[in-house]
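Below: one structure in structure tokens.
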Amino acid sequence: MDSREHFLIQNIGAARFNSPIDLSTIRGDTIFNFVRDGDKVIFDNSLKAYTECLNEERLPLALEKAGPRERIFFNPSETKVAIVTCGGLCPGINNVIRSLVMGLHYFYGVRQIVGIQYGYEGLNPEYGHQFIPLTPLSVRDIHITGGTILGSSRGAQEVSLMVDNLQRHQIDILFAIGGDGTLKGARAISEEVDRRGLKIAIAGIPKTIDNDISLIDKSFGFETAFDVASPIIRDAHNEATGVYNGVAIVKLMGRDSGFIAASAALSMPMVNFVLIPEMNFKLHGEGGFLELLRKRLDEKHHAVIVVAEGAGQHLFKSGGESVKDASGNVKHQDIGRLLQDAIKDYFVAEAYPMTIKYIDPSYIIRSAPANASDSIFCSRLAHHAVHGAMAGKTNFVVGMRNYCFVHLPIARVIQERKKIDLEGDFWFAVLQSTGQPLVIS
Amino acid sequence: MDSREHFLIQNIGAARFNSPIDLSTIRGDTIFNFVRDGDKVIFDNSLKAYTECLNEERLPLALEKAGPRERIFFNPSETKVAIVTCGGLCPGINNVIRSLVMGLHYFYGVRQIVGIQYGYEGLNPEYGHQFIPLTPLSVRDIHITGGTILGSSRGAQEVSLMVDNLQRHQIDILFAIGGDGTLKGARAISEEVDRRGLKIAIAGIPKTIDNDISLIDKSFGFETAFDVASPIIRDAHNEATGVYNGVAIVKLMGRDSGFIAASAALSMPMVNFVLIPEMNFKLHGEGGFLELLRKRLDEKHHAVIVVAEGAGQHLFKSGGESVKDASGNVKHQDIGRLLQDAIKDYFVAEAYPMTIKYIDPSYIIRSAPANASDSIFCSRLAHHAVHGAMAGKTNFVVGMRNYCFVHLPIARVIQERKKIDLEGDFWFAVLQSTGQPLVIS
Amino acid sequence: MDSREHFLIQNIGAARFNSPIDLSTIRGDTIFNFVRDGDKVIFDNSLKAYTECLNEERLPLALEKAGPRERIFFNPSETKVAIVTCGGLCPGINNVIRSLVMGLHYFYGVRQIVGIQYGYEGLNPEYGHQFIPLTPLSVRDIHITGGTILGSSRGAQEVSLMVDNLQRHQIDILFAIGGDGTLKGARAISEEVDRRGLKIAIAGIPKTIDNDISLIDKSFGFETAFDVASPIIRDAHNEATGVYNGVAIVKLMGRDSGFIAASAALSMPMVNFVLIPEMNFKLHGEGGFLELLRKRLDEKHHAVIVVAEGAGQHLFKSGGESVKDASGNVKHQDIGRLLQDAIKDYFVAEAYPMTIKYIDPSYIIRSAPANASDSIFCSRLAHHAVHGAMAGKTNFVVGMRNYCFVHLPIARVIQERKKIDLEGDFWFAVLQSTGQPLVIS
Amino acid sequence: MDSREHFLIQNIGAARFNSPIDLSTIRGDTIFNFVRDGDKVIFDNSLKAYTECLNEERLPLALEKAGPRERIFFNPSETKVAIVTCGGLCPGINNVIRSLVMGLHYFYGVRQIVGIQYGYEGLNPEYGHQFIPLTPLSVRDIHITGGTILGSSRGAQEVSLMVDNLQRHQIDILFAIGGDGTLKGARAISEEVDRRGLKIAIAGIPKTIDNDISLIDKSFGFETAFDVASPIIRDAHNEATGVYNGVAIVKLMGRDSGFIAASAALSMPMVNFVLIPEMNFKLHGEGGFLELLRKRLDEKHHAVIVVAEGAGQHLFKSGGESVKDASGNVKHQDIGRLLQDAIKDYFVAEAYPMTIKYIDPSYIIRSAPANASDSIFCSRLAHHAVHGAMAGKTNFVVGMRNYCFVHLPIARVIQERKKIDLEGDFWFAVLQSTGQPLVIS
């Protein structure tokens, strides 16, 4: 199988209706053109990839462009749509819900839209959560505040129960907004739908505040996350300078990757150390973090540390098997507290006067409303998801790659997580900004 | 002794110079008049106090008005001024520093102003902190961010050492920005100065983010505190509604009084319970807090709780003597964690599904920049402190009473702390806004 | 007639029902007490007023305290309430609407509440605006954004038509949120209601972003106004310093008084000149504004000017009669543009290189959401209005005087406007902050 | 000449020194590698461009990657650097200045850095503006507020005078932060430097709040611009809904392209019409804008319009030659006022009651501090400019292309301006969000 086939998007059937949107198919008339399945975006735009293709005389891997199709699968006036939001909060969820409803209603004339309450729980009848009708009026102002008006939950539900429920309610399209676990669930639902020979399209909008989905440029909520974290770092700097030898630790999200921590630190350049999951730093001994911190205090009498929640897991004594949360993520040991204790112990042992302030703003960040950039991004993601689903695409997500909105098979985006390349330009920017050593070990 | 004498302001000597400020002494020329020591503001403006005075045919208690005096004690061109900031951070400290410097420089022409670093530590030569010169240029933009450019510390220093130091540096005026402990220190310095027959004026600018100074309308930083807390409560509400039976707890400052918690809850009216130090609530049993919380979840499936840090101390088992921090404040047990545990235990025991989110934004609040109201307030407080000190007032603080800026003897403002009257109009407003019962017991 | 009678509050009839609120009448049980009509707050708390009363052996003027009454006039289960918002936008209107609805619903159990659309127009059937039902659910989130969900309009409508309409809809209580003109209208409605022998209570919540209502401490929206204006002044300073001899003019609201301009300037102390309606400054000649501005540019090469919209009206050539807007306010000539032109002409004539930036943020300020302080204030005002109206008070407004919420007869609050005392402490604070001369003439 | 040669970066001479930065040259050691001049990024990542290259068996156009070089031209300890900021304000200028200074000082150890005041004026001795020394301490906090600490000016200065001045001050590197005109000036300086055989590197950091530089992903300040505009649109919506048939017009920046207007409208999806320079809309007649507006008011009774300053220039009667400002940009006629007048006239003529509010927040937007995304972007741009200039690159700018930081010859970026493609995905997103017709004509 050609590697390109890995990125083929599944359709639930041949398109049967003309799109009610009045677009063009020719270039030059100042009217947007319908997008065709053959319209593609190259995946890897490095010169290296290019040269390889040239040498091997083959076309590069390319992704299907998202956008309105001329022919669609569902008959809008009869289509029934459900929306579900799963996992932890993330800025922009309400923007996505709003734009899904607005797009379905105004572009296609879909009139039957329901919200599933409290994540996949709401698809399991045992919980007794009711579906709630969604209309342009009911979602009009929900982007102003954060959170999700539908509620959420973590963890999987029995797939067959969920598909039973979709069938019972005659849902044609399910939009699932969530992270890794959610998308795995969406894929399982999609496969069960296939198995039963149903015509239900399953469209995912990937949500991870950590920005760690590997094939796409960025995920929604991420920019807001470091935007909200930015003044908190300024505050932490005030705490650090407010006492003699003051150390302020800000713990930010980032289970397996340090994008939020690194970006927040770059955006408010008063940070002296950034510690992220990708780093294998040591605390003690020569060149270790504590020695570096001491040097900093000797010189400047204050320090600001930003640490990602998943950093330094190698510093914990391994105690048998790892614990997982309801979403199936490995539960991390609390690096923030470990760091706080280690620093305190170190300086107490040295009779070195200093003060630590520990700040964990995670809930404040993830429940904030989307900023302007994310608002745009959420809206465009949602509209593209609507176009794809109405055209009959299924088992897919929408995402942005090289500034283009594309369709990706769910299976592809849940394979691995994006990480910061410690040898890359972005991490070097962090090192330049903080002045911390290239390697702490 | 007449009670009014309790509020007499001490002078370090008879005024010797004409004020360099070109003001008026007659009304009606559209130019502000110099304030005279006899200009007073009545202390208690209740009808009851009024009637009592009428019946007893006596004048009411009245406070000396702050403001520029026609004759001043210090010769500006020779005056040397020091500024010290003590205790925890509070929004507006830099605004006060800035306005002290600007006022001294531009109104009076004082050219020798120094900042003492790291609180009273900076007055104790053993710590080796240097004085730093303060000029209009060096303080011009410091109000934009929070914190204190001088640094701070908690706790007392040996008074005689500090006065030695003031003498050695030939300081004429010391401005001390701080809370209870700081003002007690300022008073002790003032008394030692007296004992030595020195002519050093000691002026306090009372700082307590908790707003619990008893004789004045409000303290600086307080309005900013609940202003910053307000969107955090909105975020907490997003967390609470984001899951089924979600409970969000926001712990706010308030050691002995609940002003910040109550005001923040009033300002973002999605709060269901406010718990403050003044309340004697119980957790368990009929009418207790946990039962009320359960009823709330039964009905609405989410709840937002705001708790002041000093609330519910009666719920902790008393274990011998109380512990105090470096500032001499009784160290409180952590009501936030107790509440979190008690709630979890209660609902687990009842096999009642629910989720708790705990948010403690204290450092973010106290290190924020002053908002517009507080900026004005800080600036006016500082200017009045400058006028008072230049006139030779000492052992006094500036404050606002019945919308007027007044002088108060330090001894008076450290006697007791302001608390919320549970039978008063303000607390009733909180009960109306939250819908919580009048009494939880 | 005793002057105190001027402040008597009219009742539409004797109270007939027990309050459904379960409060206390005794002090000391930690439960808020019902407020009695005899509970009063003294109006003037100056020592001078005090002494006069003492000398004349009379009680001082005192105002009726607002708050829940033990006996009320209206039967909540049958009461029908209407809310109308008039005049220009002001931060906090939605907070007031929300709190009126919440208070009526939750404190008293009132179930019939309607919103009148587009101000008094909505009471005139000719316009065809429908009443809209208001419920806790429909108003729950309206405080998050600014504006008024009911819409507004300026100008009077035929009183008899409006009262006909109130009668036809069997309205028992009308809450009117608006400024001078609105309150005049409310008073006229109240008088027509009296004339017809109806039992309709008319309660006003005074709205003026300018803070120029004379008998009360402050009006809602005012603090938000200068809070929003504050960073705009920082921006203006950036514009002024961004070019050589840069002058930035910020025009702020203030028809007859300069409270917003003065407060905004105090809150962001980079302003060099504040021009307000109360000042009689001249532009040209020695000591005139233009000469002062030139001196400033000579020294510092930039200047920031804040001007209230109603300032400098004496500088316009009087051309016959004054023009009024639909609200009956005298239409002011545009001082911002006049200033801009005069400055430009002056420096061009002198061949003095400089650049002017003119910023008018009025719409951005008045349509902003209420800040935390104003949110509290709006909520408390509205709750007090509910208590007063349910008790049968009419032809009254609620306001804060000396930190107490009181009832005031409408007739009293529309008599004159509050102005800045140019010889007072507040204006002197502005002069100290800006460094501008005591008088510009 | 191969088209690729158009993108060759000029060097002022062969590198002579080893970089003081301790980086790696091998991959896999977790240490960032020096960038080599041969490291390139492909310019056009469309599948079409790809296929063409494949067919023609040639390498695609590629750009030189920015980043630290192993060998540099300038000896840091002797290097003297100057920074100049020109043209209108834009969020992020101070961030760029700060990061240039920090990068030069901390990465390379450059100790002689000066700021040129008031744009190119500061290079012309006739103006008498002094150079000011820049140090890490003096620039540490300048990113907190907007504006430029160096001041700016528009327009060109005599090139030979400027180069004389650079020579006289023995400047080795000039960083020029500015737009089209500034970059043209930088190129002219560079050419004159060449002519004289001097070794002065000229590096540009392109600044255009309009985001209209054609070869790069985005320009700094642009994201902040629509971030700041976003709540202003919410306010405008409050104004529009606050009256019956209310129309609010928000005029935003955008001389030749509508990126800010379109992005702001997308970010706050209450906008009904976006008018941009790229559109050739008509006002009157069937299908014209005024008819559309009337239909909107008929249905919804309010409308929000966002208009870019350069929109609708075809609607003005051409009156001879176009006027240019000091920067050489064509001065646009005021579309905001024209629109306001045309709307008023149209509805007055139809006796259709409505109200217009006109909001022009331009100065507030451009003088705001950079948001978090832009802060990061500015910092990285500046650091890359430092690396490029220290390596001896000249007559170049730094920019981001396909998420990579690259060097571009100044001559290339000033050739043409980026515009919104009316047939593209982005503009279609705007149409989807507003619901306005595909074409207004």
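Letters A, B, C and D name the chains as they come in the text, with residue numbers starting at 1 for each one.
FYI, a residue touches a chain if its C-beta (ideal position, glycine included) is under 8 Å from a C-beta of that chain, and two chains touch if they have at least 3 such contacts.
Predicted model only: the values in this text are computed from it and were never measured.
S.K.: Please give the intersection of the contact partners of subunit B with those of subunit D.
M.R.: Chains touching both subunit B and subunit D: A, C.
S.K.: Between chain pairs A-C and A-D, which one is joined by a greater number of C-beta pairs in contact?
M.R.: Pair with more contacting C-beta pairs, A-C versus A-D: A-D.
S.K.: If we define chain centres by averaging CA atoms, which chain lands farthest from subunit B? Would you check?
M.R.: Using the mean of the C-alpha atoms as each chain's centre, the farthest one from subunit B is D.
S.K.: Compute the distance, rounded to whole Å, between the mean C-alpha positions of subunit A and subunit D.
M.R.: Here subunit A and subunit D have centroids separated by 29 Å.
S.K.: Find the geometric centre of each of subunit A and subunit C from their Cα atoms only, then give the gap between the two centres in Å, rounded to an integer.
M.R.: Each chain's C-alpha centroid was found; their separation is 46 Å.
S.K.: Which subunit D residues sit where two or more other chains touch them?
M.R.: 144-145, 234
S.K.: What graph shape do the protein chains here make by touch: line, ring, star, complete or other?
M.R.: complete
S.K.: Please give the residue numbers of subunit B that touch subunit D in the complex, ascending.
M.R.: For subunit B paired with subunit D, touching residues are 141, 144-145.
S.K.: Please name which positions on subunit D make contact with subunit C in the complex.
M.R.: So the residues of subunit D touching subunit C come out as 89, 117-118, 121, 127, 129, 145-149, 151-153, 232, 234-239, 241-244, 246, 248, 357, 359-361, 363-364, 367-368.
S.K.: State the interface residues of subunit C toward subunit B in the complex, per the touch definition above.
M.R.: Residues 22-24, 27-33, 40-42, 45-47, 50-51, 53-54, 57, 59-60, 62, 67, 98-99, 102-103, 106-107, 143-144, 217, 223, 226-227, 229-230, 234, 263-264, 266-269, 371-373, 375-376, 379-380, 383, 402-405, 422-425, 427-429, 431-433, 435, 438-439 of subunit C touch subunit B in their complex.
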